[in-house]
Amino acid sequence: MKVAIIMGSQSDWDPVMKAAADTLADFGVSYEAKVYSAHRTPEALFDYLKTLPEKGVQVIIAGAGMAAHLPGVIAAKTILPVLGVPIPSSPLQGMDSLLSIVQMPGGIPVGTLSIGKAGAKNAAIMAVSILALQDETLEKKLMEYRQKQAEKVLAVSLET
Amino acid sequence: MKVAIIMGSQSDWDPVMKAAADTLADFGVSYEAKVYSAHRTPEALFDYLKTLPEKGVQVIIAGAGMAAHLPGVIAAKTILPVLGVPIPSSPLQGMDSLLSIVQMPGGIPVGTLSIGKAGAKNAAIMAVSILALQDETLEKKLMEYRQKQAEKVLAVSLET
Amino acid sequence: MKVAIIMGSQSDWDPVMKAAADTLADFGVSYEAKVYSAHRTPEALFDYLKTLPEKGVQVIIAGAGMAAHLPGVIAAKTILPVLGVPIPSSPLQGMDSLLSIVQMPGGIPVGTLSIGKAGAKNAAIMAVSILALQDETLEKKLMEYRQKQAEKVLAVSLET
Amino acid sequence: MKVAIIMGSQSDWDPVMKAAADTLADFGVSYEAKVYSAHRTPEALFDYLKTLPEKGVQVIIAGAGMAAHLPGVIAAKTILPVLGVPIPSSPLQGMDSLLSIVQMPGGIPVGTLSIGKAGAKNAAIMAVSILALQDETLEKKLMEYRQKQAEKVLAVSLET
Amino acid sequence: MKVAIIMGSQSDWDPVMKAAADTLADFGVSYEAKVYSAHRTPEALFDYLKTLPEKGVQVIIAGAGMAAHLPGVIAAKTILPVLGVPIPSSPLQGMDSLLSIVQMPGGIPVGTLSIGKAGAKNAAIMAVSILALQDETLEKKLMEYRQKQAEKVLAVSLET
Amino acid sequence: MKVAIIMGSQSDWDPVMKAAADTLADFGVSYEAKVYSAHRTPEALFDYLKTLPEKGVQVIIAGAGMAAHLPGVIAAKTILPVLGVPIPSSPLQGMDSLLSIVQMPGGIPVGTLSIGKAGAKNAAIMAVSILALQDETLEKKLMEYRQKQAEKVLAVSLET
Amino acid sequence: MKVAIIMGSQSDWDPVMKAAADTLADFGVSYEAKVYSAHRTPEALFDYLKTLPEKGVQVIIAGAGMAAHLPGVIAAKTILPVLGVPIPSSPLQGMDSLLSIVQMPGGIPVGTLSIGKAGAKNAAIMAVSILALQDETLEKKLMEYRQKQAEKVLAVSLET
Amino acid sequence: MKVAIIMGSQSDWDPVMKAAADTLADFGVSYEAKVYSAHRTPEALFDYLKTLPEKGVQVIIAGAGMAAHLPGVIAAKTILPVLGVPIPSSPLQGMDSLLSIVQMPGGIPVGTLSIGKAGAKNAAIMAVSILALQDETLEKKLMEYRQKQAEKVLAVSLET
């Protein structure tokens, strides 16, 4: 297993964090998706984080909404790279979770992606780009993915 | 000791969190002020929190800036009432810490006060109002404080 | 009766402030829910506030939308702890009520919770944490509630 | 006396609310400037408001910072027109006081002017425009003021 | 005719600006509602404004969305009091129109009400409060309206 | 004369709008800089706008702060392309003038540049790019300017 | 062909960028609408941009959502005037794309229009106003368009 | 060389991006710091990016202000992980650069850190955490760094 996807609540899974899992699956990257809350289950979260190195996990993707502490709290307990996904689950449309994730004080970084589903997908791709530093097959897949993205855009023909 | 004041960084003390301590001192409420970081020293923070009940602490005041997780992380590890003070230490002027503190998800509340020094002072007064539920002397002091506040306002004479 | 829930308009009740009442009921805490407006019925509000001490009320929860003055106006007329719930009833999605409640000037605190239903629930839990300082049964219930919250999170199994 | 200028704190006077007084003086409109707090001295405020009709006051100008409840609380206790001036006294630069003043719920209006000194000046001019409905001399002065404003702009010669 | 209601587009009428008209009708205040655009029909707007004094108009209510220049442009061409209503017709939810109306530079005031329907209603009530300065019947109606508002709030009985 | 630079107040000239004039001068484009207010001198503004076609003006650059109506009001009275520069002259740091300029309703466009001095400079460059459509010398100068910009960046050597 | 309309994604076409095309068609201005991504197909974008001068294109309209880099990236590779349309495709309602487009640093301007469909329409009208500098027929059409806009507004009759 | 630090302007170096370089130096990670503009020198930027793989660069740190396109434009031309640092160089205090960097559309991720100097430092630490996946010495240093951070916090003694 290479990537751990952690989210603060079951409701974060579909349709947001599932996009990270699906994207990893598309790249053939093994992952595990778990629900742990920074506030409700801190000990269980910390215990889980301890198991990650031996499982071979190299990147953690963490998504949360509102005062989204989960990514930062995880980053505080691991030296693995942590990628954060702000989830727009309050009336403030994700501005609260974006600031709660990205504005980490000096010393404990969280690499933050865009709000919502696009961010979850991008967290997966960024995880792939990190894993690809040690994996030529993955590097090749990433280049192909980019190629396909470009081809999709180029194939568009607008009905004007 | 009745109140624990915890802040994420030494730079939060003066001129912000010190206002909470000074206000508690004005009311004759014993307190302890400590620096613990939710991210840099989570274990030490959790150990410290465990000592609070036996010390007789009844209210926790927590201040932090940027992605201010400290109040919420404390609230997750105690059932004492937690009051949060957003500190304006980033270019976003405290909007980041306000949202990171106040927008806690359902289940783990942080009673949030205003940004900066006024909020630190108000956290102390709110702590006093909670302690006064069991302490008639404090209740009387609080009523006198209100009276003095009113008198100060009424004594103002504008030079027009 | 231990808690007074006051809101500015009948439309604040369902689905927002009702969550505070339901949560208090779950904890077996007696409460009273009332509609008083800081602007339309200030005298009736002040008269009502005067009755709270003799009823044994120890915490006031106040919710309001837009330029949400109700929690602050209540806090000005009582020394009981006041918890504020911003209600997202305008096009600004609750940012207006959040700032109107939390940014109280030094001297008159309102402990502010998150915007909307989650905030109403959290106001109730914070009231319970204040009452539990004098009530061991409630303290135990609060610890059990936390335990159940944790168990719910841990029981989640994502369909991946 | 035609206009009452009320502000929440002595620090609101110079350089903000004084601009309202100076502008009224320029128009020869008699006014009274007072400090009353919606939160610290509500009764004294309400007593003062009761004296205004017999003094002949026709417009109230109210300025406040942070969670600026003063204009709305005044508007709730009088049927005189109330003009509100947001004062930028917190790290949020007056956005908090603007929303706390302008976003009044239906039924109790506050006519809100711009943040800070420009708003204080404009509150005075709006008061003059209301008084001018019954006072031809004032109407003439207002037209002359507009004329002078225009002349000042037209007299500008840029050094290019 | 006492009040002119002007809006920038027909789509501003229902359900926003109509609330101003309905409220004026409730008070028995005669009004005229017109669509003029500050940008598309400036001359016709200016011509219309010139007719208002002879018609006896004493207050102008102006509503507009997006970069809402209409209230300010009207205020620049009249010395009658101008009340502005921000209309939430863009993705920015009325924050754009609020700032475009309220942040008038020193010299040309627009008394701004809350965003949307509540603001339209409040503009009408503020117009009534200005007209009531010269009309005892209207003053009495305004006091009765306040009374009824209070009674409605007090009649609420929550199903708890 | 090819470009008219219009600003709402003398204080907008230095250091903001002067940057537009200086940039035009660098390109050898003749311009005229004037102070006219949309609110204080609308007639003089409209009269001035009428003189622009005969002077050969092809682009108008308009800068204003706060509720910045000037660019939109100009755009309503001419069919020349109008470029808007938001000026950060209020506590809201130019967010008010940005939204007041850019959020024009459909039908009357203002091409808006960035807030402050950078925007004034960019308005001049955009004016040059429009004039260059009919002027090969200017087109060449613009390409050279781009080249010099690139060279400046490439010449930077950081002291690491 | 006079105008190139470029957008970052097929989903930007209907109902946003299509409004630019329809408006150009109404003016009889020939255009081409293309989907190119600043991030996914930069080379194809740059190749396309190189073909524009020989096709006679004089203005480029570029629309994009989220971190909307497309207009600025285009502006960096051409000296033709570039007009930008922010598209509200994220939970932040277009505030992200507005700031990403309008806040260009000094040297590379993008003339930015309002968020969404109104902005797309206005980009087309601004393109027409630029083309009209060299085309009297288009100038006349633009004046007629303005006239019709005014007539539409003046024909409105509200049912009061 | 393991890390490339790229910034849009020389003024971004001190005091912001230099913090990234200093932090990398503290960890003994070799880096190169360069100024390239996404808009002024795109070709030179793209040429530089092509040299990075052969130099052994594994992570790119990119900082920019205002409409900060640099990190996203880099991410579009490489499959290396790209970390973005928003620089607060406009009146909007970095909110513009934060949104321009973090809100990347699906497919091209930028891992975004906090605004300003803290973010530059954190970008370096995140780069170290990525490099540490293949480098046990670095992994140990990172753990020691965390340890020292904790010790610094624990050594604070407030003068109360």
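We call the chains A, B, C, D, E, F, G and H, going by the order they appear; numbering starts again at 1 in every chain.
As a working rule, a residue touches a chain if its C-beta (ideal position, glycine included) is under 8 Å from a C-beta of that chain, and two chains touch if they have at least 3 such contacts.
Computed from a predicted structure; not experimentally measured.
Taking B-H and E-F together, the chain pair joined by more C-beta contacts is E-F. Each chain gets one centre point, the mean of its Cα atoms, and the points for chain A and chain B are 34 Å apart.
Computed from the mean C-alpha positions, the centre of chain A lies at a distance of 34 Å from the centre of chain G. Note on chain placement: the centre of chain C and the centre of chain G lie 49 Å apart, centres being C-alpha means. Chain contacts: chain A has residues 9, 40, 66-67, 90, 92-93, 95, 102-105, 107-108, 114-115, 118, 146, 149 touching two or more partner chains.
Here, these are the chain pairs in contact: A-B, A-C, A-G, A-H, B-C, B-D, B-H, C-D, C-E, D-E, D-F, E-F, E-G, F-G, F-H, G-H.
The residues of chain D lying in touch with chain E in their complex are 58, 79-81, 83, 98, 102-115, 117-118, 121-123, 125-126, 129-130, 132-134, 139, 142-143, 146, 149. Chain B meets chain H in the complex at residues 9-10, 13, 21, 33-37, 40-41, 44, 66-67, 90-93. Within the complex formed with chain G, the chain A residues making contact are 88, 93-95, 114-116, 118, 146, 149-150, 152-154, 156, 158, 160.
Residues 8-9, 38-40, 42, 65-67, 69, 72-73, 75-77, 90, 92, 95-97, 99-105, 107-108 of chain D are the ones that touch chain C when the two sit in their complex.
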